[in-house]
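Quick one: the structure is below, and I'll ask about it shortly.
Order of writing sets the chain letters: A, B, C and D. Residues in each chain are counted from 1.
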């Protein structure tokens, strides 16, 4: 039953989890501090109470947690597991790269691993180098793993529900700086949508900007500033990164003739390169060279002032877009 | 003292290790089965005998092994640690992504981690999905970690020596299918060269091909076939991937006007995208769209016939190059 | 256990042994391509454990898993077809020797990352606590795997949550080419389980009956909701770790001693000593040979995996 | 131990406590930005351990590491400057509260990945076996970290190789918001070390003298080439895990009990009961306050880290 409610981003995640646990009796939810305490960001609050033993806390054992998700998924559960920070995934990366990814393919489809890994990433003021990274690109080089990243309450809800419904391993990447954001009217309660697709956040004629994650709002702010200068940027938020909607980007670039990709992740080896490569490989005719705006290939310092010098700021985005359109 | 010797690839690795252990009294060498047994590929044979306790076997504890490398490096050792297969690195990836990478930067240079991780990757006939991956792209998105990949005995020797001499963490990626290859005359014994640079394997006028790792020989074979058709490919082997010699690629593309990148790794999210993106971002004028030839975004099946359908073959390379030059 | 039970065990072990020998032969002949890890000498563990399992139970094994698959009931033909990269293989050749699965027989797969199966098996056991299947899960790994962080993580997770999983450590004294006793201080690996609060036993892994008894107890524990058990089964592999492993790391006389203590020889001798006719004992071997020969013949004749299908089954 | 020794411990603990309180104050005032993890209540562990170390010895701590840094001799000013993101910080603001190091004081850094410091510390101890420095390495982590595979891997590695490392587990009963006893079957975490062949003790972590005694023995063991020791120090944090942690997970009365048993209160009471003048006892606090206030004043006045340097020191 569809309804419109006012929820912030964290509330939308919570609602999607609750609905998924309702829809799928085989769904289970676990992670460090997610059950009795309701999550270190409060995002899973109330779910233990509502769903009992299906929602539980785990030891600080990411490998065991991901293994538990894979094994239970093979056996017909639909686990949703939280890795508190994307940075922590690397203590257990084998379970994603070598295990979850291979379940369906290697077994010729006899086994499946319908699991969802919820995590969150990115820098927040004062966060240390081990709590600040943007690592989606690593997952995007691992066939067999679906990946999505959201920045709005509506998508936080919709994408998570699609992820849980998906019969393959999906990593949904959130951002802790969004959880306590402003409430928005969102529609909840419909059937989960199929995975994939993009969001057109701002139509425009002069340049196609592809972005994802929490930096989207910075991109939109930059685009608004440029609108005042007469530069009309089209902003696509690529909520699903695998599968990625390359066709949508191609169609947009075909109209605008220019491409800029913005991500908070380090530039070198980031997924921006893939998007640029796909567009130019297709032979699209561009009015100016494509550009990427990402972090400056660095570790992330804790000092806010230093981190700002590493991570892409609104001015970097505005500058990059201006350069792309030749102004 | 420089001298010319005949060594195969595995022998060259062995010679580089021996020389490094001689040059640096602080060098130590360890890994699973590397000491008493001399390595599962025989590459470390004789080193335990020659260097005693500085060469030792470890438990099957990749996290402890990499941690041991980092901690001992911080304390003035110059560890060389073997991760038997790149695929196994993911059980311990935290130690690379969050630990080794941050030592110098976060400490503002007060601490350093001059360590070398030797590993090998790629598919070999009949190898399973968990022993077949090409994962350099993941490392190349981690600032702070140097990365090289070699395919000839001379480079196996030179690059490894440079890696050990380097005062930062370096991952040197070898390939088990090369170890027992033919002997070649190589020069050994000089001073280690600085890290970085590329190898021009074949000068050519029509198209720039950038590649790395064991697939280089397949690229060269393809280029030879095409030469008979009058297509003159320039082949650059990018032995060092971080730092990457983008200038050399740009200069070559400026002459040939065409770019093809070939790697055994999966295409999507592979480092080929980065190279393509850099070239087109620079505004280079290309006579045809750049192309990437990589694996077909799949897990790797054990069956040789199936794996061949996933991984880039000589015909794929020849076809790609033909298409790039428009024939 | 009756004599017939012992004969059944012997036959089950012979089936595995002959399968492994056939795979070795096919590998040396070049029909099988790539690395294979044989379990010769360790058959009693798989036979002892799997003999106690019910259909719904699940086994998670390692690259050294052919015998476990067979002990779970996977027929020789699809195993050989898999190892030979045929379409008729349990996974159509995608898994190969080191990474195949056959869930329809309760064999949830080999794993070629040391230690990685334990957390996944723990997850399968977690599912049992929800689905009321009564499923017990067995995960098997080597002595060396005990030093891989995934294993203690999985054991603690299972202990904390009382999951119905049995951790079977096949302690064959070596990890590849390195003796376990050089890599640990305390050679009693079961102590690690005890420290986590998991009931643990050490058994003669070359005695299928002893393994079976320990397994039966572990299964009861699991089915009663009392959580995991750890079984350290002492055994020896009487072949190299990989094809071509010259086993130079073996101290003098060890291989001979291992050959004398290996489970098939031992059980055969015991049966004969207890009065069973030599021919009855030998018949278990002959039946195994006939079965495997026939399966190998069929598998060799079967169609190779079709490259056109290589990109299928990546996603739903 | 003499009264002066105890007073020195008390002063050392007060310095840490007052530092943490100052950091909290600065954080609430917005001068410190980002998450900070305080060690209030756990000071006796750092003080007891570090009091036994020599200059060349090395400590590897966690995000909850301010006190360990100070106990190692890092002055308050560069710690506060670091937490305040000043150029004068031990790492010029790059490490911040949760990830700073000061190797010149034998403080090899905090680590914000649970368990990850143990293998690195083990590596530092490995270096000792080559460099003849006699360096002993201490790695500290929490109860929850025992369940992270890196820790048992490191412990086994150190045991197998007889490395001079001391594993100090600060068992404060909670991992973030979750009680350790819900996450393990056997609450005796030291049993895990024993199972690996590592000598292990459980001590009252709120008693610096008891911690020091256990550490002294561990150091002897290490310096004699006899390898690692495990010390489980029972303690309590008397603040939340993070700023704003309402500690709703604490059973009724627990916080009060913890406050009554915390090491500063306890040692002060003991000293007074043993006849030391109240003013002498209180002076340890006053001196700490004066020192930290002065350091904080300077740190607040110091120059902010310069963004122009943000890309330096990535590579050699």
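Operating definition for what follows: a contact is a pair of C-beta atoms (placed from the backbone, for glycine too) under 8 Å apart; a residue touches a chain by one contact, two chains touch by 3 or more.
Just so we're on the same page, UniProt names per chain: C, D = Pyruvate dehydrogenase E1 component alpha subunit.
If you're wondering where the values come from, they're calculated on a predicted model, not measured in any experiment.
Student: Suppose chain centres are the mean of their C-alpha atoms. Which chain sits farthest from subunit A?
Tutor: C
Student: Round to the nearest whole Å and give the separation of the Cα centres of subunit A and subunit B.
Tutor: 31
Student: Averaged over CA atoms, how far is the centre of subunit B from the centre of subunit D? Could you give it in whole Å?
Tutor: It comes to 40 Å between the two C-alpha centres.
Student: Taking the mean of the C-alpha atoms as each chain's centre, how many Å separate subunit B from subunit C?
Tutor: Distance between chain centres, rounded to whole Å: 36 Å.
Student: Could you tell me which residues belong to subunit A and also touch two or more other chains?
Tutor: 58-59, 61, 63-64, 87-88, 91, 94, 98, 102, 105-106, 128-130, 143-144, 297-299, 301
Student: At least two other chains touched by the same residue of subunit C: list those residues.
Tutor: Where subunit C meets two or more other chains at a single residue, that happens at 92, 94-95, 99, 111, 113, 116, 147-150, 153, 156-157, 160, 182-184, 314.
Student: Can you tell me, using the touch rule above, whether these chains form a line, ring, star, complete graph or other shape?
Tutor: If you draw each chain as a dot and join those that touch, every dot ends up joined to every other.
Student: Taking the complex as given, what residues does subunit B use to touch subunit C?
Tutor: Those residues of subunit B that touch subunit C are 32-33, 36-37, 40, 57-64, 87-88, 91, 124-131, 296-299, 301-310.
Student: Spell out the residues on subunit D that touch subunit C in their complex, using ranges where they run on.
Tutor: 147-153, 156-157, 159-160, 182-186, 188, 191-192, 194-198, 227
Student: Which residues, counting only subunit D, touch subunit A once they are in their complex?
Tutor: Per the touch definition, subunit D meets subunit A at residues 32-35, 63, 85, 92-99, 111-116, 144-145, 147-150, 175-178, 182-184, 242, 248-249, 304-311, 314.
Student: Subunit B touches which residues of subunit A in the complex?
Tutor: 63, 87-88, 90-91, 93-94, 96-98, 101-102, 105-106, 128-130, 133, 135, 137-138, 140-141, 143-144, 265-266, 268-274, 276-277, 280-283, 289-292, 297-299, 301
Student: In the complex, go through subunit A and note every residue touching subunit C.
Tutor: 26, 28, 53-54, 56, 58-59, 61, 63-77, 79, 94-95, 98-99, 102, 104-112, 143-144, 146, 166-168
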